[in-house]
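Going by the order they are written in, the chains are A, B, C, D and E; count residues from 1 in each one.
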Amino acid sequence: MPAASGKTADKVFRVIAYACGILILVVLAAVFLFLLFRAWPLIGGNQADNSKTIADFTGGKANGFWQYVGPLLFGTVLVSALALLLSFPVSIGIALFISHYAPKKLATALSYVVDLLAAIPSVIYGLWGGLILVPAIYPFWNWVATYLGWIPLFAGPAANPSRTVATVAVVLAVMILPIITSLSRDIFLQTPRLQQEAALALGATKWEMVKLAVLPFGKSGVVSASMLGLGRALGETMAVLMILSPGLNYSFKLLQASQNQTIAANIAAQYPEANDLGVSVLIGTGLVLFLITFVVNYVARKITEKKVG
Amino acid sequence: MGQRIDVNHLNIYYGNFLAVEDVNINIEPNKVTAFIGPSGCGKSTVLRTLDRMHEIIPGAHVKGEVLLEGKNLYDKDVDPVSVRRDVGMVFQRPNPFPTMSIRENVLAGVRLNNRKISKSDADDLVEWALRGANLWNEVKDRLDNPGIGLSGGQQQRLCIARAVAVHPQVLLMDEPCSALDPISTLAVEDLIQELKGDYTIVIVTHNMQQAARIADYTAFFNLKAVGQPGHLEYFADTTTMFNNPQNEEAERYVSGRFG
Amino acid sequence: MGQRIDVNHLNIYYGNFLAVEDVNINIEPNKVTAFIGPSGCGKSTVLRTLDRMHEIIPGAHVKGEVLLEGKNLYDKDVDPVSVRRDVGMVFQRPNPFPTMSIRENVLAGVRLNNRKISKSDADDLVEWALRGANLWNEVKDRLDNPGIGLSGGQQQRLCIARAVAVHPQVLLMDEPCSALDPISTLAVEDLIQELKGDYTIVIVTHNMQQAARIADYTAFFNLKAVGQPGHLEYFADTTTMFNNPQNEEAERYVSGRFG
Amino acid sequence: MMADLTQDPKASLEGAPVIDFDKFKPSRSFIASRKRKDLIMRVLIALAFVIALIPLISVLWTTLVNGLKRLNLNFLSFNMTGVVGGNPTPSGGYGGVFHAIIGTLEITFGAMVISIPIGLLCAVYLVEYAHGGKLAQTITLLVDVMSGIPSIVAGLFAFSMFTILVGPGSVNGFAGSVSLSLLMLPTVVKSSEEMLKIVPGDLREASYALGVTKQRTITKIVLRTALPGIVSGCILAIARVIGETAPLLMTAGYIASTNFNLFDGKMTTLPVYVFQEYSKLNANCPANATAACVTTIPMERSWAAALVLILIVLILNGIGRLVAKVFAVKSER
Amino acid sequence: ACGDNTTASTDNGSSNNSSDTTSKSEPISGNFNGAGASSQQAAVEAWVAGFQGTNPDAKIAYDPSGSGAGVKTFLTGATAWAGSDKALADDDVDNSKSVCAADTTAFDVPVYISPIAVIFNLKGVSDAGKHINMDAATIAKIFDGKITKWNDPAIADQNKDLDLPDTAITVVHRSDKSGTTQNFVSYFKDQAADAWSYDLSENWPNEVGQGAKGTSGVVNTVKQADGTIGYADFSAVGDLGTVAVKVGDKYSEISADGATKVIDDSELDSSVKGDNRVVVKINHATTTEGAYPIVLVSYMIACPQYKDTKTAEFVKSWLTYVTSSDGQKAASQAAGSAPLPDSIAQKDAASIEAIKTK
């Protein structure tokens, strides 16, 4: 008797597990379809109304959807790429510090702090960024604009207060730093001892050992950690909303205000006051964001997969 | 070309745990010395003190002397990095760098020491080392393939090539064949026989037949009980060790009555 | 109480890879049969086909027959789960369930199968199995301690107790001592000698001395080359195998000339 | 059979190039420069750590200092009903976060209930059943991709789904839970998958060898052994979503009073509360107000709520660690 | 439930209910929801507290989700009323048929008037507590980036007694869609059409200066640097400087009374579609002494008939209280808003009276 009931239970469990696996696919499809459905008026609806709504959103700057979403997308990618650029080397540094340099006790304590920081809600980063960092960082940006202003990226005058892409990038970098750090650290810690010992046995210094064994081993893991961080930055809403002075330009002037805006922050800024059609437009931009993050992640995974396999 | 190693009153610790006690041994140049003994008796531990690899484990340290041609490795002014350049090491499991080609693997150590190597010098060195490791004929047509794509035995020989390419004086091997199939094992054993012309070789093995086959001298380590420190029980030339050991424990061990 | 096993024309596959070819062997009840041979020759693989553990590896399958007291284990109507209840298995590394106490580990086979058992029956069973595994005296005062807290040798005996607690007819052991220190090894060997009164025992070992010490029959597996299927080269009673083998390869192997 | 393999030992070195090893010897200056480089990297790495520490400590410190001003029992035990301007309430406080704590806990709990079983079973499928088939690879890839879904998209999704399926205007805690579960799911799957993977195959085999069915092996041995890891993974997933604001503004809304019903009516969560109070900036005190009227109270409440949020995350972490410890696989010896 | 606050009385102590409409009807009980303009939030808090003083069993929730969202939610029937910073659009009125009973359409009544301050932060001026005088064109030019220095002659000419520095002007505007913005720029459209060419919209139309999210964002940004100028609800101004706006020949400092005056001087928009609607056409050109012309008028939106009598009773009683002098006083104390002028309050009362409760 136990054997028979065991067999049924076995089958039922197996079916449920399968179903849950497949559910993941269903959920992703559902996300896409529900968004598409709700954004449908944008495609299937009255185009004149659409352009009126969009013109209203942008003060007449844009009246087609792509015209609208283009600069937003540009801004989104710019801000998150900068954030990643800033936090990547620092994260890797800290991860190495924890995994290979710090004394064990300090490393454990640090690990804990990093994990905790990874869980700090983004509103808090928004509060901090908007109220503390913005005034504090102005002298620095002003210095950059004065002395490095010949680089187009840093063209002055630096906006005061610094509610600029540069400041937002710093805040996002701080936000994703613990995430990238904690994942990279986990990977670095898994570097096979043998590889490390092989390097040391050849007479490598510690840094050479890291370069020979740890970094190559951690590469794909670090890439996926960065992708996760980038994803977080791409989708970050509150911190951007609370700090950035938005604009709808294809502009690289990092230190000037009102140049760029991100999709996520734009949705949050417009959503409360939007009418039905407006919501459709915003959901349309959300769909674009979804597809972009999807593609970025997909490509990144494919790349790392190939490297590993 | 090999150098001699003299170990005097060496106590080896992991943190506060005394793992191996009072080792005294003289390792002859250009000979193969085998370490045997039951598991946990400290063979690997002793071996790793000979090129200061022991230290990389947090808390691990030693008391006593290890003299390489009369110079104590553990002197204050000695840089462990340079010790490891003079004393090469091969590990239990083959560990080529997975991201590198066969060629790059061989050159890995050399490149650390000297970045400006001409292509032709590098080619010569790769050929020399791979020939030395008895691997040249098998891989000469695919030097740019990843090292990880080789079979276990080939990988182990690649690691040996990598170790000899930096031209050390001493070669330490920790159970270099235990992860290999019999055929690869033979290939590696042959290689060891050859290499002793140029290097002093110390090898840890759990396989007494292997020790008997390849070693000139054999050191038998033992431990009184689990948790007790290991110690060097008996050291003799290999023939004596396996045919007429003057130590009861050693005899019991080599005759297969335990372990 | 042991049952006999007859293996007829057994070919064992991992996916499309034929790992072991055409094995024919008769395993006598209430005797210890040892499998020896170089690494990779298929000892473990054959052993695992005897209780259909082989199948849990995706793609793995067999052709041929394994008769347990004349009944083919691989018949359509046979439930592998119940086969495994009749044929117990002990693994290379001791693997007590880490979340369970010593007592629960012994009872795992009963409990996990959802069989109801009264407290007193359970107590009896635990004592019986642990006594059978020669472990009772060492652990009787701490049955509720985690099983993982025991020493390696004790853990292995605990695993044997766990296996015998489901009352199998046959006990398969895959290098049960290879992870143990010499003292624990002796304890387990003694136990095997005792258990053969009640069970048919098949043991894989890489240690020929061990096979010589404990087995009644010895099967020597071999493989022609890496990548080729392994096969049963020679089967004989242990005395013949080690003193006067009628097979050249077997002689080379047991005399330590390779492997 | 071995004989043919033993080559003539000296043959291999024949024809080998003669090497002048001095060429490869490191020069004194090169050794020094390597050492210098090693040191520089050491310094840079330590520096990375210090640089990162500045903003991170500043965040924590600011929250702590500003938050402690208003964090008291009254703040934790009252909601925002009856709070008018900067005036104190009859209980002597200035409103509080009780409703937001309830909302946060219920919505997060809802998200857990949805995503943990699904995620866990999906991981079970991937590790125990799929054996790296095409479907499994696709799922693994999509789970990875899913971990990049922006939270605002999750909010839009839940909003769209509820407007389409339930009807427009259905703003409630459960919609919030759905949006959060979408964000939690990939983390749960990933971490559980990792944890199941590191359960030694030995244990599965040991269980099968005792004649135990696959389902029981999974539930009683594999999941049980992986439990501490799974719990910490889930805690991590919760920590990831408990601070979400944007999706909850859309799906769960804001309300000043305490709503215990997850399925009906709006619900405030702590991050939303933080944002709302920040948006108020300051409160009005009429000319005839007493000294007890505090104009800066909304910002103070905002910081205090932020601190409460961090504390909840901390407590969750603590609980996770505790659970992990209680269920820990007893360490060896 | 545990943790629910006891109801606070609205104003400190002396509140005796004189409004006859609320006292003669039965106390209202039940749960009621509203959503909409965030500008009304502080006032609504006070109204809820005041309303519950006489109707202790009424539970009222307000979600300050934004005017647009509020109207959207109202049109789904999920809320009893909506708050909005602008009057209903024509198609919203049409759509409201599905929510309101008996084919009636929704109407809006002004409930909350608040002056919009033009705030600035300028060393030596604002921190000395001084105002700056400006006319509509000057403000418009500043916000359009045409005037970029504080000592620009256009400003200096109007402020002879001030010593204006050569500081650059940083304009700060709302970055989110906002009724405050629309009301602010409608002042330019009316009073400085030449200097302000943009269409009327709730979104800020140009990229001059900096945008910030919400009133709080604007105020914080203005606080963070020298030379900034922005606009925000009067209640949020704090100790920032405010611009005195030219009304007639004089400059009028911001005050709640000033806002009431301008509304008092304004007409109703008779062109709006639908019954019972009270939509104010703000007379930005007012010359009334002391009037302050930049104001936000915020409405409550309700149905004349509800499918459910209880809701109708509540809305009627609620709006009555909100527009009563008690309600207005409570709001002005809690939110610093301007009380409704009597003229509007009467119109409101007439519309509210039309809500059918039977």
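Operating definition for what follows: a contact is a pair of C-beta atoms (placed from the backbone, for glycine too) under 8 Å apart; a residue touches a chain by one contact, two chains touch by 3 or more.
This structure is a prediction, so every number in the text was calculated from the model and none was measured.
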item	value
Mutual neighbours - chains that touch chain D and chain E alike	A
Chain pair, most C-beta pairs within the contact cut-off	A-D
Label of the chain whose CA centroid is most distant from the centroid of chain C	E
Chain occupying the most central position, where position means C-alpha average	D
Where chain A and chain C are represented by their mean Cα positions, the distance between them in whole Å	53
Chain C and chain E: spacing of chain centres that average the CA atoms, whole Å	84
Rounded Å distance, chain A centre to chain B centre (Cα mean)	48
Sequence positions of chain E contacting 2 or more other chains	38, 65, 72, 220
Residues within chain A bordering two or more other chains	6-7, 131, 205, 208, 241-242, 268, 271-272
Multi-chain contact residues (two or more partners), chain D	2, 34, 213, 216, 249, 278
Chain A residues within the chain E interface of the complex	56-60, 130-131, 134-135, 138, 157, 159-161, 163, 241-242, 244-249, 257-259, 268-276, 278-279
Chain C - residues contacting chain A, complex	79, 81-82, 113-115
Residue ranges of chain D in contact with chain A within the complex	34-35, 37-38, 41-42, 44-49, 51-52, 55-56, 58-60, 62-63, 117-119, 121-122, 124-126, 128-130, 135-136, 138-139, 141-154, 156-157, 159-161, 163-164, 182, 185, 189, 213-216, 218-219, 236, 239-240, 242-246, 249-250, 270-271, 274-275, 278, 302-303, 306, 309-310, 313-314, 317
Residues of chain A that touch chain D when the two form their complex	6-7, 9-10, 12-14, 16-25, 27-28, 30-31, 34-35, 37-38, 89-94, 96-97, 101, 110, 113, 115-128, 131-133, 170, 174, 177-178, 181, 205-208, 210, 224, 227-228, 230-231, 234-238, 241-242, 264, 267-268, 271-272, 282-283, 286-287, 289-290, 293-294, 296-298, 301, 305
Residues of chain D touching chain C in the complex	1-2, 131, 200, 202-213, 216-217, 220-221, 224-225, 227, 327, 329-333
